[in-house]
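Below are two complexes that have subunit A in common, paired first with subunit B and then with subunit C.
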Partner chain A sequence: MLARILDSDAFYSFRTQPLVVVAALIAIVSILAAVFAPWVAPHNPFDLSTVDLMDAKLPPAWAEGGSWTYPLGTDNQGRDILSAVIYGTRVSLLVAILATTVAMVIGVSLGLLAGFVGGRIDTVLMRIADIQLSFPAILVALLIDGVTRTILPREIHHEIAIWVIIMAISLATWVQFARPVRAQTMVEKRKDYVLAARLLQISPTRILVRHVLLNVLEPVLVIATVGFGLSIINEATLSFLGVGMPVSKPSLGTLVRNGNDFLFSGAWWMTIFPGLALLLLVLSINLIGDWIRDVLNPRLR
Partner chain B sequence: MLSLLIQRLVQSVLVVLAVGLVAFCLFQFVGDPINNMVGQETTLEERQALRDRLGLDRPVVLQFYQFVVNMASGNFGISYRLGRPVADLISERLPATVELAFASGVFAFLCGVWMGAVSAVSPHSLISRVFMTTSLLGMSLPPFFVGLLLIMLFSVILGWLPSYGRGEVVDLGFWTTGLLTLSGLKALILPSITLGLFQLTLIMRLVRSQMFEVLHSDYIKFARARGLSERRVIYRHALKNTLVPIITVTGLQLGSILAFSIITETVFQWPGLGLLFIQAVHFGDIPIMAAYLMLVSVIFVTINFICDVLYVLVDPRLRVEHSTSAAM
Partner chain C sequence: MSSTHVSADERLLEVDGLTIEFQTRHGPLRAIDDISFSIRRGEVLGIVGESGAGKSLTGAALTRLMPPGARIIGGSVRFDGRDITHADDAEIRALRGRHIATIFQDPLTSLNPLYTVGHQLVETMMVNRGLSEAEARKEAVEWLRRVGLPAPEARVDSYPHEFSGGMRQRVVIALALCTKPKLVIADEPTTALDVSIQAQIIRLLRRLSREEKTAMLLITHDMGVISEITDRVAVLYLGRIVETGPTEDTIKAPEHPYTRGLMNSIPRLGEQPARLPQLEGSMPRLSASPWQSCAFSPRCAFAFDKCLRSAPRLEANGRTEAACFLPREASRKVSAVAGRKEKDKSAEVPPVHLSVTGLTCRFDIAQPFLKSLFSKEPAPYVSAVEDVSFHIRRSQTFALVGESGCGKSTIARLVAGLTRPTRGEIALEGVPLSPWRRTPEQVAVMRKVQMVFQDPYSSLNPRWNVGQIIREPILVDAKKERDAQRVKDRVVELLKQVGLAGADSRRYPHAFSGGQRQRISIARALSGEPGLLVCDEPTSALDVSVQAQILNLMKDMQRQHNLTMLFISHDLAVVNFIADVVAVMYLGRLCEIGTPEVIFERPLHPYTRLLRDAVPDLDKIGGSQAAPTGEVPSPLAPPPGCRFNTRCPFANERCRTEVPRMKEYVGSWAACHGLEEGRIEIPSSKPVSFPKPFPDAVLTH
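Entry: the complex of A and B
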């Protein structure tokens, strides 16, 4: 099994592209650090008993006045930036994974339905998709977030903020899955194997789920990788605008927003490090996405 | 061709109406509009009178009709938070956003086309590698972080450019402009780069791939065979033919530039529509949110429509195809 993987074309193209290898390493390290944050992070930034206001706004260790207790410095409340970044990556990744998954499930199901059933359902769904596509996802997400913010009382909104953002991002991006899946389904449903399955009197639901679905999954994987990177950016943007994750449970975007107020007082590390973490994460995911696309679809090379 | 335009026009109107329905639902179902307008001490009779006057107990369909008429005549209601007509607020803020969007669009188009052309003509040179790396970075950088890095470099470290506001503006009566003063122009630089960077990478990639295709076509070989200078072949013959799809994409991007200006305006505290909108989202100021939504959708749809028309005008082949298909 391992030998087969090591011998495959995919692994060869992986091995020969150093940039992709580096990207994969960064992604794996980020994901591991995020998953094991409570053990990896040197401090717990949310445990108020360990945070000391006297340590506020310390610069990174290598700068004058810094100490190795806080390798990347501290924020205005004395929290360790490195730990905050690790915990923030955890929140950012969690939101992005869930948002992409929900968008994928909605998009693929509706795309399959529209392509397979056709008729009025198809027309209605695609009209909605058209309208939504003419607006940038971030605007749709902002609107959904704004409305829930108005409907719900403040405390409750804070509690469920993470779910609101996941819903907002996934409802804003499902179209990206639905469109290609619909197109592919329309191609697949005319093929002989679907006809054969029909003649065997297999129920349409079963044909759709067991046969057509598997044949449209390939492009979905590529869209999901690109969409994952975009979800991270979307979440960070919402949080930066102050309508995303609350300060009590900060994502990388929230951290950048917090640090932003102190950029001019010279405490650049509060903004730059969370921002760089975000950049590296998205950059490596995009590189991996490009690689997956090349492997799955050699024609595009 | 006429039938195509009419079809597009009907579609555009439908989109605007659909967005109007969403905006209407915001008013209808998010909070009680009467409660939002009157104070605590208003009596029930007065509330009922206001309800009658605003037509809030009429059938929903009639109310929606009234809403559309109001929106079309520029009556967007009164901001809950600022207590001023939304139409006034918007006309105050519009110039700032339009100038920013325009500057960033020009920046993205000029730099994007140039960088794309250069990297297509000599794909292995150092400069085109630098451009390609920049474009990958541009796709991966969250837009707000670009702004912060620019502020960090040019405002905090170098101190060359201002980091917030529009600088000094000249009031022309109906329009305030920052384009006529030095401080206004300086204040425009960083925000327009931030806003235009993503569009730049998009245009650059598009020009590059189009140019690759065009440079291998017969008429370019023929132009070279005629002994025309390389410069003339590239810029007069090849580039000109890549511009058709570029115009459409740039046009379509103008719409998302407006939406992304929300982010840029927040970073640079630019007093435009985006900043007005994000503050409205924070405070649940429905009239501003609804009006912004309507405005943006009308702008989007208009741009899409103009692009469709331009596309047909620029590329004569499309005109022929449509007229023959219509004739058949």
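Entry: the complex of A and C
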């Protein structure tokens, strides 16, 4: 099995593109660090008993006045930036995974339905998609955020902030899945293997799930990877604008926002390091997405 | 090939030991292995072979239009006395178009859709021949006239999309020849066209190449085209030339076992064997090519130890050369298996299995919403099938033939219940089928209709393994056996019946060749235990040698499973081989129904006659019949009266106004006013009885 994978065209194209290998390494390291944050991070930035205000605004270890206790320096409350970045990556990845999954489930289902049934259902769903596309993700997020803020008390709002932002991002991105899936479904449903299934008088639902769904998943994989990167960016944007993750549970975006206030007072590390982590993470995910698209596209083989 | 009797300056193109490899990560793949041929000035050389043999690559190598990754690693190409093997890009570009022109298969993509055909011709002549714009324009009109475009003065300013496929290919030919090249490379120039259009284009190419004294390299998979147009032929197999010689000798008395097998496996109109002599297996992929031995040895019935040890070289014998170690006499023994189709002598007429009455299918053309709301005119529609009636009797093969767009595939889909008819009735085993709600009885009857499709690459779900694909029809029927072991045994049994191994059930479709996939398709259709098998062009995507295997298999399966078949094809020879009854369709209507003997040996309807004459005849080298004229009108605006009247030489006023009805003649039924009135001569023959091929109701109303 392993030998077969190592000999496959996909692995060959992986192996011969150093950029993709580096991207995969960065992504894997980020994900592992995020998953095992409590064991990997040198400090727990949310444990108030370990935070000392005296250590506030320490520069990175290699700069003058820095110490190796806080390799990337500390923020205005004395929290370790490296640890904050690791924990922040954890939050960012969690939000992006959930948002992409929700968007994928909505988008793939509606796309399959629109493409397979066609007619009026197709028209209605695609017009909804058009309307959805004309609202930027930020606007949708601000809207949901505003509504929940007025309805719910402040404490509960902080609790459910993560769900609000997941909803906002997935509502803004499901169309990215629905459109290509609809197009692919329209191609697949006319193929002879679907006709052969129809000859057996199988129910349309069964044909859709057992035959068509499997064959539209390839483009979905590509969109999901690129969409995953986009979701991280979306989440960071919303958090930066203050409608995303609260300061008590900061994501990379929140950290950048936080540090931004001190950028001009010389404490550049508070915003540069979370920003750099964000950049590397999204860049590597996009590179991997491009690679998957090339591998799956027979015309580029 | 060393044609020693030809003086050097007579040879326009000389290819010597050309070898081309593809660079892959598993190492080089040799696609063309040491081939040599030459073309004299004004000569037409045909390169024939099955898909993947390297024919197109050979043509592309001459003008350096090879796909990426291909590299010439040996041999030389001399054109017009000059070695162009290592010519730089600028030199090659100077040759292309000006001295070596190319005609590609697809007329849709060989013309630039943004410019008028006149502009494209004028530009080509101005660049390549240095004519002034006025001269070039005058000549462009002249060229369009010469390629047979009606009203060239008016059409010169039309855009490519305003022409039909056949007309577009004529423009492509004009574009290739207008620079007066010394050599034309025609890569499958007629493959995308219908039979009657193909016949016209072949004759046009032949005439123009003679008039212009242009040499031509014709690349095709079709032996019929080769026999009609070429002077000499080279047979390519897995990147090697296995046989070459004058067309007449090579086609009539092939030397190499491959050529011989290939020629024998082509169904012909004149004969009706019980089985087609078939070549076993199919051409392997390049990566599995036996380099050290004769490339054909794995499929050769006569291969002996020497064939496996070394590769044979071309050796002359008389006027032809073949690459084979076998003594000539030995390979000659493989003559066509004789034996005519055994005729069912019993006078008993089998009962009707499928009956179709007044079937009509129209497709509405989408209209702008507001227009459809306010317009008083009826919405325009495409008339795909119009008032078609026929019977298919139990255990018979009923074939529908016609050119593309005649509605034959629509009938297949209507019968299979995949498309809803506009009007008309389909009854299966006496049960009328409803296009809407289906009763359990109707569902049960519909399950007994299975299909074999044209495209072996889209007819199998790529994500399922073969076992799952064949199993599905068994599992779907609740009443049938669901015991896992029995189902498994049944799948293995079916795979063996269609000539595959039981172990293949765990492999996925991509691991199989086109012919093998078609076998899987047949196994899937059979696993539903169908009564009626609808086959929509099941062999037209396959190579000739594989086609013979599949046709034989279908015939065997029909006998074994006592199947009734509706067989759709555009290929008259295939239909002649497999059908018991043939119906000819034109623009949505039936023209003639009869036995294959009657339909193909003495056709009555003028359209059947045209189709019959358009088929390239392997026995008539150089082709002699007059080309059929005209093209099929658009089904959007079919001509009133007899739909064939625009192309029929016998049409009169009545044909242009009144739809002809089916009438019985000796041995067949035809719908033609000319025949009815005696204006068209009916060939005399001994009386043959042919049971009425459609329901009674059709004649009474």
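One rule holds in what follows: the second predicted complex is superposed on the first by the 297 of 301 C-alpha atoms of A that agree within 3 Å, B and C clash if a C-alpha of one lies under 4 Å from a C-alpha of the other, contacts with A are read in each partner's own complex, and residues count from 1 in each chain.
By our rule, a contact is a pair of C-beta atoms (placed from the backbone, for glycine too) under 8 Å apart; a residue touches a chain by one contact, two chains touch by 3 or more.
Just so it is clear, the structure is predicted and the values come from calculations on it, not from any experiment.
Upon superposition of the two complexes on subunit A, no clash is found between subunit B and subunit C, which fit side by side. Contacts of A:Ala10 after superposition: neither subunit B nor subunit C is touched.
Of the two partner chains, subunit C is the only one touched by A:His211; subunit B is not. Once the two complexes are laid over each other on the shared chain, residue contacts for A:Val147 go to subunit B alone; subunit C is not touched. Look at A:Tyr193: by the touch rule set out above, it reaches subunit C but stays clear of subunit B. When the shared chain is aligned, no partner comes close enough to touch A:Leu32: not subunit B, not subunit C. Once the two structures are overlaid, the count of subunit A residues touched is higher for B than for its counterpart among subunit B and subunit C.
Of all Cα pairs spanning subunit B and subunit C in the superposition, the closest are 8 Å apart. Across the superposed pair, subunit B and subunit C touch subunit A at no common residue.
By the touch criterion stated above, subunit A contacts subunit C in their complex at residues 12, 191-193, 195-202, 211, 214-215.
Taken together, the subunit C residues at the contact with subunit A in this complex read 25, 416-418, 438, 443, 446-447, 449-451, 453-455, 458-463, 472-473, 476, 521, 524-525, 528.
Residue ranges of subunit A in contact with subunit B, taken from their complex: 130-131, 134-136, 138-139, 142-143, 145-147, 149-151, 229, 233, 236-237, 240-243, 253, 256, 260, 263-264, 266, 268, 271-272, 275, 278-279, 282-283, 286-287.
Within the complex formed with subunit A, the residues of subunit B that make contact are 15, 18-19, 26, 30-31, 136-137, 139-145, 148-149, 151-152, 156, 163, 255-256, 259-260, 262-263, 266-267, 277-278, 280-282, 284, 286, 289, 293, 296-297, 300-301, 304.
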